[in-house]
Amino acid sequence: MHPDKLRALLDDVARGEASVDEAVEALKLLPFREIEGVATVDHHRHLRVGVPEVVFGLGKTAEEIAAIVAELAGTGANVLATRVDAGKAGAALAAVPAARYHERARCVTVEQQPFVDRGRGQVAVVTAGTSDLAVAEEALLTLRLYGHRAELVNDVGVAGVHRTLARLPALRAATVLLVVAGMEGALPSLVAGLVDRPVIAVPTSVGYGASLGGLAALLGMLTSCAAGVTVVNIDNGYGAACAAALINRKDS
Amino acid sequence: MHPDKLRALLDDVARGEASVDEAVEALKLLPFREIEGVATVDHHRHLRVGVPEVVFGLGKTAEEIAAIVAELAGTGANVLATRVDAGKAGAALAAVPAARYHERARCVTVEQQPFVDRGRGQVAVVTAGTSDLAVAEEALLTLRLYGHRAELVNDVGVAGVHRTLARLPALRAATVLLVVAGMEGALPSLVAGLVDRPVIAVPTSVGYGASLGGLAALLGMLTSCAAGVTVVNIDNGYGAACAAALINRKDS
Amino acid sequence: MHPDKLRALLDDVARGEASVDEAVEALKLLPFREIEGVATVDHHRHLRVGVPEVVFGLGKTAEEIAAIVAELAGTGANVLATRVDAGKAGAALAAVPAARYHERARCVTVEQQPFVDRGRGQVAVVTAGTSDLAVAEEALLTLRLYGHRAELVNDVGVAGVHRTLARLPALRAATVLLVVAGMEGALPSLVAGLVDRPVIAVPTSVGYGASLGGLAALLGMLTSCAAGVTVVNIDNGYGAACAAALINRKDS
Amino acid sequence: MHPDKLRALLDDVARGEASVDEAVEALKLLPFREIEGVATVDHHRHLRVGVPEVVFGLGKTAEEIAAIVAELAGTGANVLATRVDAGKAGAALAAVPAARYHERARCVTVEQQPFVDRGRGQVAVVTAGTSDLAVAEEALLTLRLYGHRAELVNDVGVAGVHRTLARLPALRAATVLLVVAGMEGALPSLVAGLVDRPVIAVPTSVGYGASLGGLAALLGMLTSCAAGVTVVNIDNGYGAACAAALINRKDS
Amino acid sequence: MHPDKLRALLDDVARGEASVDEAVEALKLLPFREIEGVATVDHHRHLRVGVPEVVFGLGKTAEEIAAIVAELAGTGANVLATRVDAGKAGAALAAVPAARYHERARCVTVEQQPFVDRGRGQVAVVTAGTSDLAVAEEALLTLRLYGHRAELVNDVGVAGVHRTLARLPALRAATVLLVVAGMEGALPSLVAGLVDRPVIAVPTSVGYGASLGGLAALLGMLTSCAAGVTVVNIDNGYGAACAAALINRKDS
Amino acid sequence: MHPDKLRALLDDVARGEASVDEAVEALKLLPFREIEGVATVDHHRHLRVGVPEVVFGLGKTAEEIAAIVAELAGTGANVLATRVDAGKAGAALAAVPAARYHERARCVTVEQQPFVDRGRGQVAVVTAGTSDLAVAEEALLTLRLYGHRAELVNDVGVAGVHRTLARLPALRAATVLLVVAGMEGALPSLVAGLVDRPVIAVPTSVGYGASLGGLAALLGMLTSCAAGVTVVNIDNGYGAACAAALINRKDS
Amino acid sequence: MHPDKLRALLDDVARGEASVDEAVEALKLLPFREIEGVATVDHHRHLRVGVPEVVFGLGKTAEEIAAIVAELAGTGANVLATRVDAGKAGAALAAVPAARYHERARCVTVEQQPFVDRGRGQVAVVTAGTSDLAVAEEALLTLRLYGHRAELVNDVGVAGVHRTLARLPALRAATVLLVVAGMEGALPSLVAGLVDRPVIAVPTSVGYGASLGGLAALLGMLTSCAAGVTVVNIDNGYGAACAAALINRKDS
Amino acid sequence: MHPDKLRALLDDVARGEASVDEAVEALKLLPFREIEGVATVDHHRHLRVGVPEVVFGLGKTAEEIAAIVAELAGTGANVLATRVDAGKAGAALAAVPAARYHERARCVTVEQQPFVDRGRGQVAVVTAGTSDLAVAEEALLTLRLYGHRAELVNDVGVAGVHRTLARLPALRAATVLLVVAGMEGALPSLVAGLVDRPVIAVPTSVGYGASLGGLAALLGMLTSCAAGVTVVNIDNGYGAACAAALINRKDS
């Protein structure tokens, strides 16, 4: 409950326009329903035009995804649905003409609000190899819908360090860097040694055998010899982009 | 090699003041010795007065730690030595009168430069329980020596959510939040739902049995249902503070 | 063998109405066939009308499930078949007209006995997110067939603590609480700090990457900072409901 | 804030005895400082005479433990300090004459309130072998201080099933059963098949090699073929006792 | 090379009936080709009529399996092909009229030699639940083809100990016992406490979640509190039967 | 209760020499105290002169071990105490003059009964390297006290296969083989390919890094390509010897 | 930049034929674009005729693979595409007439350059069983395309050591040995004890249960008791062949 | 048995100078005692002067180490004892005046044979950080005693890539490279991308938390994106040096 609404209610009581009983009734659920602040995060989301509504597609049917996307798109908001397999995207595209499917990123987007730059700078999304592109593109789509400019720096893994160095200007131009890598997950350490900015490491499940579905990359990133690297869950391009957006926010 | 220096050298060649052989000699090691940019990070460190020299104490003897701390302190810089057991700190304290030992954080510090605030705001260091204080204090010391104001919000674990809520103002006042928790590592999810700022989760090895030396907390944080949480290695207060410092930097 | 029956047999021997040979024959299998008490549990199950017969569907063919369900339903008992994939349910529904399939819970039920409340109170089945509903519904169906009233408290995960708090009355109204959560599995700790009742934590396999098929949630629940939380196997809604039923039993 | 206090405040506003500003000030911190119910659990603890104050000794120095125990004992409450190594107990015993050290359970207790039975019945604490006694005794001490009668059923592991059967009357007399076992952790399955009561399984770190510090027992208990068994963390006698106390509470 | 053959060769040399060159030629490959004893095991196999030829079907195509089975069956030997999925068995059945497919055990057998009892006694194959039957039947088929009588003791898991006790005579009648169990794998401990014979534990992948594909059962069996239990790989009914056959061999 | 004793009791009742009450009293505890068969194993142990009493020393104090050994030795039985560290053995040796400490095997033995050969043949205890001797010697001591002849075949690991082959006669002379190996645990596969007897594999914790405290050897043995190998827990020389004794028993 | 080119540029500056500005422009990108040496490896690859272009097929679509193979084959180079499932190979075969598919190895090759022997000797590719052939053939194809002669030594696992010994001449004839094994992965230890050459161990995912998808073999190889064995990732025939090619190179 | 010796024996038989019985006696142990080739490896070792005798110190007492070192040194050979803690080295130094202790490498060496270069070139031993020096020095000592020149390239981890590049000449000068790294183990990938030589990766246990005692580095190296990297066990400097020596051997 906004302080102004609280004050208005109390004014009504003071003026006799509301009975004490009515006020008690209105206030007693306050702590759980409308705690000012507790609910702020969600409220803010709706206030800030253009911030996307997000649907997590994993474990939902094509129909469920289509229904939710349609409902959210109906409000005029941008919509991002992640983890939508190609076979499931059709229903959403059929339901919402403005929807677009991004096959590699496995995302459905509905972009009906103009892009407004909310960032202090630009985010670099860096990949070790082209197999990491799926995760990188999920991050790029997320950043765009959240209002952050982002640049892809692709295929600069540690085994070809001259390629990494060749992209140094792009790496250094960023306010935040997402570094996406599978296999041994070594790229974030290399990049963090080349820039003076926050590096968010995103392990991918690219690899086989001892890569253990991305665990090798994850452990490698957590034990990085470069201080200041932080890590998100395997293949979590969306989460990494959210963290980058929070860091890059203009007003922060 | 700075472009100006390069230009000066070439001017000398153009003017005949330097022979081609001399210039070749000067330039041929350029890629590895003085690549502009590659080496920047380290150079910057030395240029920015007050940024501490850091010594990683694990696996070093008391004598080695004392010698390194003394040498670094001799340059007038602030010094931070982490992971120094109580039994090993004595030598450093004896060698450097200005040194101080922080028992819980297991750090030796030499603070001989005045505090200069390098942050855009303040960092909150939040713990789930008092057993997490050792890691939190390592982070607090690190932040201070890097020139960032920080506030401790202690003992606000999820099993007593009213305590967390009671500290909401402190949580919301921060630009970045480090959330330190052992056992199930649930606190970062709770905090990230209450603020709109970057949350860096620090798992600790507090717990026993199925906590697997901090792995349970680590996995919990990586799989947090709150998007935008990033994670560092177990007990890595120093690394988390570095990440927070990079995010909170005034000029970023 | 009940002491009275034993005494009667010995009386017969004493009176010469039974030969020693007959008595030896009657007694020698006693330890394994009729140990008083050892077999009680199963017998009790059949004596208490309405307690469901349970079929564990995993690894059984559609035909096997249908046959067992039909046989058990033929006795007039309620029947619960768990872990029945949608593709396998048809045979059972065809074989038993009264059977119903619950798609999300992957259960077949035959409810032909009236509901009799066997509980001291009501069980709360709490989920962190809607993805946990499948497991929650398995628990709800089980509780109902065992004769316990249950209420679903859905989607109150720790990252939106105001939603949890808003449902506090429902949480506090329960005698026992099942808390179902995937990802980091933090909800049981939060709930256990809000109520003074037994909390049974049910990890789910919801999540990906470092959630390791539910292991992250499982470890998180086992290392909960809230004393008194107990845990069942991943996705084990049935087992959790059985535990809740034993705790909530009227006569216990 | 209790509804009565809220009503009184509003009455004051209605009567003009409190200004709207004063009321706003009083109410705006309400959600976080005095949410009725949120803080109840802790308050209840202090209201119920005899419920012990608990100190978790792991990672605390002898002096810290002694100081906390002394402070708590000074309030007249019963005190339980768990995970106190023999070498650390002396300080607490010296500081508090009424304190007693239980070597096997590694607990310090101060029992200065008379025992009041808070249970509906009796708790059975069952062990697979004598090596599990340390954990069992921690549970027994905890139950006693929480006001629950408990009986030890020792050394009845599955490899000597006749010993288990011989103790059937004691098993059946209990309202709740804690079953403590290391190695393969099979005893809870056996016991749960013999009784119709809640069984809480406590894995212990007894064993070597493939017992993996208690993980084998833990996994065995989680996958028990006996429905309704719930599990706590390895060696967590205290937590199991808390769960049993919640289940056995007279008024629940 | 049999000593007699060696002696005959040397006699020929001594008599001049073989040249030294011929003898060197015959002897120089001796260590690798015909080491007496090294190759014995395989030779013995072919000498003992009725011992089956074994085909491991995993990773072979239907055609490969059919071809190998046909070739081996052509020698008149009994043939056992394990790990043959239902979809792959048809080719073998078509190729060899005498072949039979055992669906649950996933085995193809060709039994064209009369059963000859090679055992000192009878083997008991014990299961904890009916879900373990697939593995048990693989073991039963193997034992039969190796010439050992075996009896199935089904569904006697620890959670219904009266059922186990009721089958005690069958358990005690065996020379060796294979105990097949999934989930927590507790049955071998129970059985080993009831008999004085070798118990071979066979973990199965029955279960879910924390059963980790049979690892929980495997660890439970390895850490069994009953001394003398030995263990084979998960679902390895064939290997367990081989071990039992070696133990039960008449001439051993 | 032996059938003869049961018949005698009933005869007494039939003859009026025992009252029905007395008989009821004698019989009512029968299922749990004297179930014929259930308790047989333990009883047999005491009846068979020379079978050792076994004490598991891990987690017991020097005094506890000494007391138990002394009490058991007082009955005239042979005694075996395993897992007794050198520092703890002194008390037992002081208490029992006939006791002997075996440092490498970490066992205390009291051998006061003459050796009686209970085996059909001889057991081979084979090691991969001298570091495996501690576990092998525990097995040798156990076998001797259980009445089985055993021969050590030491240091014949797979990396020096000529050494293994050189000991082939000793390997082939055995009825059962215990094969003890750390590191990659490959020796049981090699040995099982050379003999036609039961092979029990004993992984040891010898090794470091990726040997994971013996897990690598354990997994290697479980996945042995040689059918018929069975496995015990890491370093479990005692358990392996028990299994070998059961297999080698003269009357089995 | 080659020193000669650098000298030429400086000569131009000295002679006034290039302006200082032009030279600065040419030199300033030098560190990242043309660092002499850093980029050498890639350049060398293109210079050495016949060295194959390699495509890693995992995670690529049939069309992507076909397109890349066609493009590379168009340069006249040999092409190797690994990890191409049978269902995906057709497109590449259709696109490139000279392409051949190797089903077991799951490789597509285009061999349009004559074989030139680049090795000092011959590589032995050794398998423990026929199930390891897929990985071995990937290695054989790779070696051939890299210009190294290789010989397959198949099915010589440790459980049939006489077969291994029979192939000793082939093992000893090699300069480098790749030893491919699943299950317990023991063969490299055996082979390394028989030869005095580098042994590269390749674990395969052959096996089930405790083989954990090849982890058991991997751990076994890493902990090999034979010094000098090195290991690659599970099923990584390609990587092992690359390592062997580097070792066997004529000019190394 | 050398063919010449075999021929001589047969000649004696042909000439009647040896009886057939004597020849049989001499030949019958041939397969196991003197298989030509099988035992070659060991024999070669003794024939090549200067190759060190190696003692693995782990798990041996100071006295055992001293005795073995003294005995081996008495033959005039060079001796290398690895894994000798500082506390255990004294006895060996006292027993053998020529012995030297290398504290960081934890090795005792006795070097009494002149260095003879057996290598085709030089081995580079590269470390990521100074904490990896202990393992690197064990490798350096081993290489020296085996007759291979080696150069240390220290502290060139990926987070400071300019330092790695600065040492490129040293990296490129080597025939083989050992790359020693803890934490995320990324250095071998970087180095393998810069050279065209065999790279052997040595993970170290340097790090904490998620480095899991070196497992993170090990997994990272196994999943290296640089083809051709092979890996040894954690901290296994000795084994890596053996592999390098086999690759670098002059005559290979």
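Each chain carries a letter (A, B, C, D, E, F, G and H) given by its place in the written order, and its residues are counted from 1.
The working rule: a residue touches a chain if its C-beta (ideal position, glycine included) is under 8 Å from a C-beta of that chain, and two chains touch if they have at least 3 such contacts.
In this text, all values refer to a predicted model and were calculated from it rather than measured experimentally.
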Chain H and chain D - chains in contact with each: A, B, E, F
Recurring contact interface, reference E-H, options A-B, B-G or C-E [over half identical by residue number]: B-G
Chain G against chain A, contact positions shared by both copies (same if over half, else different): different
Where chain A and chain C are represented by their mean Cα positions, the distance between them in whole Å: 39
Cα-centroid distance, chain C relative to chain D, in whole angstrom: 25
Chain centre separation in whole Å, for chain G relative to chain F (CA means): 50
Overlap residues in chain F, where contacts from two or more other chains coincide: 31-32, 35, 37-38, 160-161, 165, 168, 193-194, 209-211, 215, 218, 222-223, 233
Contacting chain pairs - touch in the sense defined above: A-B, A-C, A-D, A-G, A-H, B-C, B-D, B-G, B-H, C-D, C-E, C-F, D-E, D-F, E-F, E-G, E-H, F-G, F-H, G-H
Interfacial residue positions of chain F with respect to chain G in the complex: 128-129, 157-161, 164-165, 183-186, 189-190, 192-194, 207, 209-212, 215-217, 219-226
Contact set on chain D toward chain F in their complex: 131, 160-162, 165-168, 206, 208-211
Interfacial residue positions of chain H with respect to chain F in the complex: 31-33, 35, 38-39, 42, 56, 58-59, 203, 205, 213-215, 218, 233-236
Contact set on chain E toward chain F in their complex: 35, 37-38, 40-41, 44, 54, 120-121, 165, 168, 172, 175, 193-198, 200, 218, 222-223, 227-233, 238-240, 242-243, 245-247, 252
Contacting residues of chain C [partner chain F, same complex]: 3, 6-7, 10-11, 13-14, 16, 20, 23-24, 27-28, 30-32, 35-36, 38
